[in-house]
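We call the chains A, B, C and D, going by the order they appear; numbering starts again at 1 in every chain.
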Amino acid sequence: MKESMIIVYEKPEVYDPIFIEGLPGIGLVGKLAADHLIQELKAKKFAELYSPRFMHQVIVKKDSTVDLMRNEFYYWKSPDKEHRDLIIVTGDTQVPPTDSYGHFEVVGKMLDFVEQFGTRDIITMGGYQVPELDGEPKVLASFTDLETKEKYKELPVVIREDEGGAIVGAAGLLLGIGKLRGMKGVCFLGESLGYIVDAKAAKAVLSVVAKVLNLEIDMSALDERAKETEEILKKVQEMQRAMFEQQVPQAPHEEEDRGYL
Amino acid sequence: MKESMIIVYEKPEVYDPIFIEGLPGIGLVGKLAADHLIQELKAKKFAELYSPRFMHQVIVKKDSTVDLMRNEFYYWKSPDKEHRDLIIVTGDTQVPPTDSYGHFEVVGKMLDFVEQFGTRDIITMGGYQVPELDGEPKVLASFTDLETKEKYKELPVVIREDEGGAIVGAAGLLLGIGKLRGMKGVCFLGESLGYIVDAKAAKAVLSVVAKVLNLEIDMSALDERAKETEEILKKVQEMQRAMFEQQVPQAPHEEEDRGYL
Amino acid sequence: MKESMIIVYEKPEVYDPIFIEGLPGIGLVGKLAADHLIQELKAKKFAELYSPRFMHQVIVKKDSTVDLMRNEFYYWKSPDKEHRDLIIVTGDTQVPPTDSYGHFEVVGKMLDFVEQFGTRDIITMGGYQVPELDGEPKVLASFTDLETKEKYKELPVVIREDEGGAIVGAAGLLLGIGKLRGMKGVCFLGESLGYIVDAKAAKAVLSVVAKVLNLEIDMSALDERAKETEEILKKVQEMQRAMFEQQVPQAPHEEEDRGYL
Amino acid sequence: MKESMIIVYEKPEVYDPIFIEGLPGIGLVGKLAADHLIQELKAKKFAELYSPRFMHQVIVKKDSTVDLMRNEFYYWKSPDKEHRDLIIVTGDTQVPPTDSYGHFEVVGKMLDFVEQFGTRDIITMGGYQVPELDGEPKVLASFTDLETKEKYKELPVVIREDEGGAIVGAAGLLLGIGKLRGMKGVCFLGESLGYIVDAKAAKAVLSVVAKVLNLEIDMSALDERAKETEEILKKVQEMQRAMFEQQVPQAPHEEEDRGYL
């Protein structure tokens, strides 16, 4: 396998589909959102992407069968003129962070593929790492162009007015490279502490995407996972508080002054 | 040398051979098992694989001659209809862990090569790292598909019912990529502490493979090495116990309370 | 995107242009100098270079639109026979330091591109890391050949007579590879402490380049940034002095002799 | 520059030349030996090898001109039938150790090149790292084949009878890859502590090579450098002794028991 390759099981008849990306990243936000969308829409898998740029391993599944790491493409045909056809990609992994060239290669192949189905619009989803969180996670939006930004100005998202930073990986590259190919897109990132499987952030991001797609999406399953996330968060915060108290220096003894490393 | 290359010394006449892999990895389990199998069957070397993806060095042999690092292919023709022809690969090295692309390239070339001889079935062998071992090492099995899993259900192996994990390197990739080419295979991993040359685990794995191949394999030489392995293990455990006792804090003196890093 | 690519928006009519490079590096000296030159000359952007060797991310701009990391080409047509046409390159980034092959690939593409416009002369600009600075930063000069060195002997630069060291990245490679293509060039490096945005060093380098180009360049904006640089430098030096005083061991107590890590 | 390239200034008329390699490595032994040989024979430079696999920098020479890092080829025509023609390669650098693929690529290009001149025999030179040295450094020899080993059995070299280890880089790869092309060769490694410019080891290696080539080589200049090497070695050993004495724990005070990290 010298290049990333896509195995196609079925050629869906879709028209001007929106390409939605939700691959593993910060807090697994994008992946959780994509998995839930696929589940609720009953989207159908039609292709798999394999790459020599992914980790050189196979995953052992619950039934003890093995598979290379891969990304998977699903499609959903809209039932009426009020909704758009969709192609959704999710999967096990992105290219490891040490291989920039590999990231460009995989995203390029992905765009070549969805272009064949007439894709011109892209939505990418992911997490945005913050040091602390109060209340509900906000959703940050970034765009390929000002026209797209204007189109989405009514969405309940945060558009930063200061120098933004960077979006690393497929969520950013799909927009950056797509833009050079004349595509338009938006990236929605949910605030996340990053080190847990963050279903709260995924729900926040998917709610915004649901508005964009004009879809009613039942969030119950994500809500369940969101509750689990809150409990884990509480426990982590308790642990952190306990660790902090242990580090506070004790009052000095009369005989010796002692410092702690 | 821009790509991995295979030098062929002889074209064996084999029919539907099973391709067996035992390359260096955890505990050298796969390599020990393959070396022993080749020795007992008197399998004949017929090809060598060299790669610009291996370490850029030569090995100096006992007689002071040098060779690039390489993998070696051996064949064994079955004596009757009850046994299958075999192609066995072992060698000095795998591609280093920092080069995923290299791993895919080498395994791809290997499969291209054995496909020329009609290979459709694969057995890979290796070690499975565990933190501690009681008694005989178990052998874990993973499969390309459920049909193969069903075929091997009588083997004295462990098939995990929870989320399995990953198999890194050729032992996994040969199955993962082979599966995309329509091949079927099984991977046998022997439990090993990992940091020693583990002949006990190799013996456990090879015993299972012998059953699969319906071969009687004299394990004496491996038994010898297995005894050496047990002695080394005992010594290591004594050393660890001694190191642990040195780290236990002493009873506090009346004058000072002292902690140890 | 398998190779670095240049998108051309306009084909400038320039004759024997000098190619001036100022990409991000030590103290951002080269980039600040190039940005200022482009601003003062009102040079016009005519091309962009994108590369799969750059970091796999997009930059989010103030207006929340995103772009891949890139280098940008500007041109300036000289108003008379006393001045030369110019092509200036600056941008977001160079190839990361772990990817030597990528550096050669990008610089090669750059030279292929500017050769199309008849470029034969190169000026590169950057920073030169020093442990401490007294007074105004000096500008070090290095050349492709002795003829060029002779041509610039009146410039207020330092030409080292001892073994020089190395110039890493585009500032060096453009000269080294350019030399193999029959081009001539000079590299001007301003002394810099390296860890701040060094507008003083940028001003020093640009003053020398202005002399070479026989241009009057208003340095006011750079002066402003240079003053900011001086203030930051003073603060940093105060902080360092404070940290040092904390590390001086205290006089020993009669009771205990205490050392500090 | 997508591949390593060789610029040829002159096509020497050599017949069946021996290819001698002395590139930078442990203790710079190989490079010192090659430089000295070139100097004494007055060998003539006829080609340069540049590579996108070398570090992405230029070296600034004493006269302030710059050059990419490169390897250089020299030739020497033998004056009579008792001596062989020679091609000698030395240079600034080898490929960095993190790029195995690059090492294979450069060595492959080197062998392609010298094969054009009829090369069938190779001598490589380098250092062999040892923890301590008594007296004169020994020279270890390794060979492509037993026939060559037999040919050199009278040389004052050490041929190890135990498992040898590995030879990393060009000194090993030239033999390993050359062997696959039907070439024959020998590698001479001088014992060296490794962290200094080791002219003593270089002299030892070159003396053996001189015997092989049946040449009288004036070692005066190397002797000079060898004396400098001895002085540096003595100073380093004094420094090490001093550091060791500082680390010995002091007798405990009556009041406190003190441990040292």
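We take it that a residue touches a chain if its C-beta (ideal position, glycine included) is under 8 Å from a C-beta of that chain, and two chains touch if they have at least 3 such contacts.
As the structure is a prediction and not an experimental result, all values here were calculated from the model.
K.L.:
Tell me which chains count as touching both chain B and chain D.
P.N.:
Joint contacts: the list comes back empty.
K.L.:
Just how many steps, at minimum, does a route from chain A to chain C need if it may pass only between touching chains?
P.N.:
Counted as steps through touching chains, the separation is 1.
K.L.:
Among the chains, which is located farthest from chain D on the basis of C-alpha centroids?
P.N.:
The chain farthest from chain D, judged by C-alpha centres, is A.
K.L.:
Taking all residue numbers at the chain A to chain B contact, is the shared part over half or under half, that is, same or different?
P.N.:
different
K.L.:
CA centre of chain A versus CA centre of chain D: separation in Å?
P.N.:
Taking the mean C-alpha position of each chain, the two centres sit 52 Å apart.
K.L.:
Between chain C and chain D, what is the gap in Å from one C-alpha centre to the other?
P.N.:
36
K.L.:
Which chain B residues touch at least two other chains?
P.N.:
Within chain B, the residues that touch at least two other chains are 98, 256.
K.L.:
In graph terms, with chains as vertices and touches as edges, which category applies: line, ring, star, complete, or other?
P.N.:
Drawn as a graph, the chains make one closed cycle, so a ring.
K.L.:
Provide the full list of chain pairs in touch.
P.N.:
A-B, A-C, B-D, C-D
K.L.:
So in the complex, the part of chain D that touches chain C is made up of which residues?
P.N.:
1-2, 7, 50, 52-68, 96, 98-99, 102, 255-256, 261
K.L.:
Help me check something: in the complex, which residues belonging to chain C touch chain D?
P.N.:
Residue list for chain C touching chain D: 95, 98, 100-101, 103-105, 108, 141-146, 149, 159-169, 172-173, 175-177, 179-180, 187, 255-256, 261.
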